[in-house]
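What follows is a single structure, written as structure tokens, with notes after it.
We just call them A, B and C in the order they show up, numbering each chain from 1.
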Amino acid sequence: MIQKIVVKTLIIVIGLFVISCKHSHENNYHTVTDKIEAKTVSPENLTITSKTFNENIKTVKFAEDGYEFLIPERKSQITSYNCTECHTQPIEKLKQNQVGEKAAHWNIKLAHAGVEIMNCATCHSNGNMDNLHSLTNSEIDFNYSYKLCSQCHQKEFKDWKGGAHGKQLGGWAPPRLSNTCVNCHNPHKPAFEKRWPVRFNTQKVKERQ
Amino acid sequence: MKTLKVFGNLIKDGFLEVTHGSKAYHVWMAVLSFIMLVGMYSYSIQLEEGLSATGMTDRVSWGLYISNFTFLVGVAAAAVMLVLPAYVLKNIDFKQAVLIGEGLAVAALCMCLVFVIADMGGPARLWHMIPVIGVFNFPNSMLTWDVLVLNGYLFINITIPMYILIMRYQGKTPNPKIYIPGVFLSVFWAVGIHMVTAFLYQGLQARPFWNNALLGPRFLASAFAAGPALIIIVLAIIRKFTAFKIPDTTIKKISMIVTVAAQINLIMLVSELFKEFYAPTHHSISAVYLFFGLEGKTALLPWIWTSISLNVVATIVLTFHKLRSNLNILYVVCGMLFIAIWIEKGFGLIVPGFIPGPWGKIAEYTPTLVEISVTLGIWAMGAFIFTILAKTGIAVELGQLVYKKKN
Amino acid sequence: MNNDNKKWYSLNLKKSPKVDSCGCGNDSGSCSGEKTKDGYDQVMNVSMGRRAAFKKITAGFLIGAGAVSSSCSVVSGDENKEKSGIEWEEYFKGNYKLMTDKEKEETVNRLTRSYELRTGEKINMTSKDAEKDVLFGYAFNISKCQGYMDCVNACVEENNQDRATEMQYIRIHEMEDGKGFNFEESDDNYYHEVPAEGHFYMGTQCFHCDNPPCVEVCPVQATWKEKDGIVVIDYDWCVGCRYCMAACPYDGRRFNWKTPEVPEQEVNKKQHYLGNRLRKKGVMEKCTFCIQRSREGQNPACVEACPTGARTFGNLLDPKSNIRWILENKKVFRLKEDLGTEPKFWYYMD
């Protein structure tokens, strides 16, 4: 009798285990990468858009090397554009009248690469101040200043085009609108500055005492 | 209908029985009631303020409540393991012990359930866990398994002794064909509740301290040491204060179980320590914290070393037949073992699982007064329940409580 | 908010025709888009019916005990009546995951109304479901993070986190160069000028694992993975056992040890039921990728606040998204990959 009972109980216990084995096979994919690969859709079928979040930003189009996205328009953001409104004459003719007189743009200190490598004229054109110019002296529009930066910063440029460098504005959903170089970096002083973190958690300190 | 009437009478007689007793009994019950009231008051504070009234934090998110819960599951499981030799191997000696054991299991289970409820952030929303009305995440969540097995176990452990008592109460002999299958089931179940509770922790890949295969077996071993050790102490007390006769041989047989379990437990402890410290990895940090402290944080050191020394001394003493046979020594040793395992399987297991946190941060845990008094209150409740059950049970067994046909 | 609101203190929970909608992450079950009812739906309907019965029974007891006197009493004002009616309905509502669209709308309306009754202010809460063909992912550039913690600030403000206990979903770990990703020795609560010399910064938060251990362990399914991959919590269904917290290997979850406090003028009124709506004591919460923003197409607050562009968020199923480009072109890695949790949160370097 004892044996019978033991056997019966065993069967019940085993049965319970078998029944309760997970039956939901929600994850048909081995890894999330497999899942992404399998479920990728063609971009045209995506309906959600972030347009509403970008409405107030004036943009221009970036289209190079098969990448296509929007970047903020720049010229309207520069306070005293056009430059030629003041700079009616070429730079040579704007010599200081007296020694010690403040130069225009006196507050700009160039902290970008070394003095031997860069000065104002590396980017700004002597003759036509409304535009920038490349190393080989072809004109570059202020709206497309990334062309200037990408001359040296090719790796960053590549990452930026792809989306690994820089910052997307508004929403994650298409159309993509990404900050251009000068939206984050001051071209005269491109490095980020040291500063204090915006907050300190006093509770954590207490907790870990 | 008749059974119901008998049952009603048993409750009535039982009530009379538990409200009458010696002065010592009344003092004992009054003290327990007082502690329970203090615990309830503390719990009301906790309900009002939220769990911030306890010492738990986001870092150590389970504390004294869950520690005691884990330990008591072991006690509940072990108490019933005594059933096996008593009923099946026809070992008459054990029968009295078993009744006490099942009473102990019921009390321990009640404490378990109350500890879990005390630990909940939203006890009012617990109905969400009721199958059918709420959503019961079975079988994915081990916690739902635990709810099932604990309640099932409680049910079994109430019905079997109840059946036996009701039969005895009427002066009949209980029919083994009815209760033996239940006894068997409860023995399997006892292993089940303990393994499931171990799996609760063992299944978490996030906590390497718990995520080891030895946790379940070690739970069992330590439970079979601590549970019967408690039974020995309780039997000694009952022997002293009541007319209930418990022969020395019963206690000695139980002490044998305690000895073997304590020895196995010690071997497993050594195995675990070896694994953690012979080739320490990233995952050994919790163990380092537990045994040696980390970065000057040493709150658990005195506890765990007390536990280990008590454990080792008790096991050695138990191993020697001569020492074990001396009942006075045995009681002391059982007390030591019980405390040792309470520390080791309680907060010695739960708290280090959280330290260091997933990102290596160390925040220590100190229970607050509220938490401690709730815990004491629940223990008092357990003792209270057990006293009532044992007093009624003993009275029935001794034939003091007999069903009187009134017409 | 129409004439329906009278129903709040009637105890009837009329069964509404089941609309095919379910926020679960289950692609093969009822969410398949087909209108066929499978076992899942049926169980759900049954449980709703039973819950209504349970509610009525409890109501019977409580009315007997006078506990709902306020909702039935003639003396107390209409507003009080309405308030306790809402509380009553809210207490007995089901799990959000299993709600029909109508039920979702009703509970959102109740919560909005309840907030209005309490503070006199309107909030804008939605229960927007996951978009089709969207799976959210996140990338973090450890070369770019400077440790300013602007993201932490933005997160706290966006998600109405408890100010009193300074709850924060995001942790920024300051790591020493040359020591690898040594979290033990890193500092996640620094306060000095950053970036500190010889250090780099690494942010952690909920990683929205594709195989989330926290979801598995929840005894009441109060937390689950949505179709778009966001792991969410139904704050009203959570019982506060904190098992998920123990199961999370990434310290992604937070518990409300006390009633959270957010000053009225700082409350973000644009809310989502599964996102930043105000929580109560005794429930879990965590990062939801700002579900109230991301489901609309917007970036989470942390991404928007980051001044260095270290954070990228996007749709993993869109082959033209930035996040996809990062995954395909950068050397990405995830934390504790050996645990098999499949986080949807990648790290990379320049």
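Note that in this section a residue touches a chain if its C-beta (ideal position, glycine included) is under 8 Å from a C-beta of that chain, and two chains touch if they have at least 3 such contacts.
It should be emphasised that the depicted structure is a prediction, and the values quoted were computed from it without experimental measurement.
K.L.:
Name the most central chain, where centre means the mean of Cα atoms.
P.N.:
Chain nearest the overall C-alpha centroid, as shown: C.
K.L.:
Let me spell it out: compute each chain's centre from its C-alpha atoms, then which one is farthest from chain B's centre?
P.N.:
Looking at centroid distances, A is the chain farthest away.
K.L.:
More C-beta pairs touching across which pair, A-C or A-B?
P.N.:
Of the two interfaces, A-C and A-B, more C-beta pairs touch across A-C.
K.L.:
Nearest whole angstrom, what separates the Cα centre of chain B from the Cα centre of chain C?
P.N.:
Each chain's C-alpha centroid was found; their separation is 37 Å.
K.L.:
How many angstrom between the C-alpha centroids of chain C and chain A?
P.N.:
The mean C-alpha positions of chain A and chain C differ by 27 Å.
K.L.:
List the centre-to-centre spacing of chain A and chain B in whole Å, with centres computed as mean CA coordinates.
P.N.:
59
K.L.:
For chain C, jot down the residues that touch at least 2 other chains.
P.N.:
If we look for residues of chain C contacting two or more partner chains, we find 165, 188.
K.L.:
What positions in chain B touch 2 or more of the other chains?
P.N.:
Residues 57-58, 140, 361.
K.L.:
Quick one: which bits of chain A touch chain C in the complex? Just the residue numbers, please.
P.N.:
24-28, 31-33, 35-36, 39-43, 45-50, 52-53, 155-156, 159, 162-168, 170-174, 176, 178-179, 184, 192, 194-205
K.L.:
How about chain A: which of its residues touch chain B in the complex?
P.N.:
Going by the criterion above, the answer is residues 2, 5-6, 9, 13, 20-22, 207-208.
K.L.:
What residues of chain C sit close enough to touch chain B in their complex?
P.N.:
By the definition above, chain C touches chain B via 46-47, 50-51, 54, 91, 94-95, 97-98, 165, 171, 173, 182-186, 188, 204, 213, 216-222, 236-243, 245-251, 254-259, 281-284, 339-341.
K.L.:
Can you name the residues of chain B that touch chain A in the complex?
P.N.:
Answer in residue numbers: 57-59, 88, 138-140, 180-181, 184-185, 188, 192, 361-363.
K.L.:
In the complex formed with chain A, which residues of chain C make contact?
P.N.:
25-29, 131-135, 137, 139, 141, 144, 146-150, 152-153, 165-166, 168, 172, 188-195, 210-211, 294, 296-299, 303, 306-309, 312-327, 329-330, 342, 344, 348, 350
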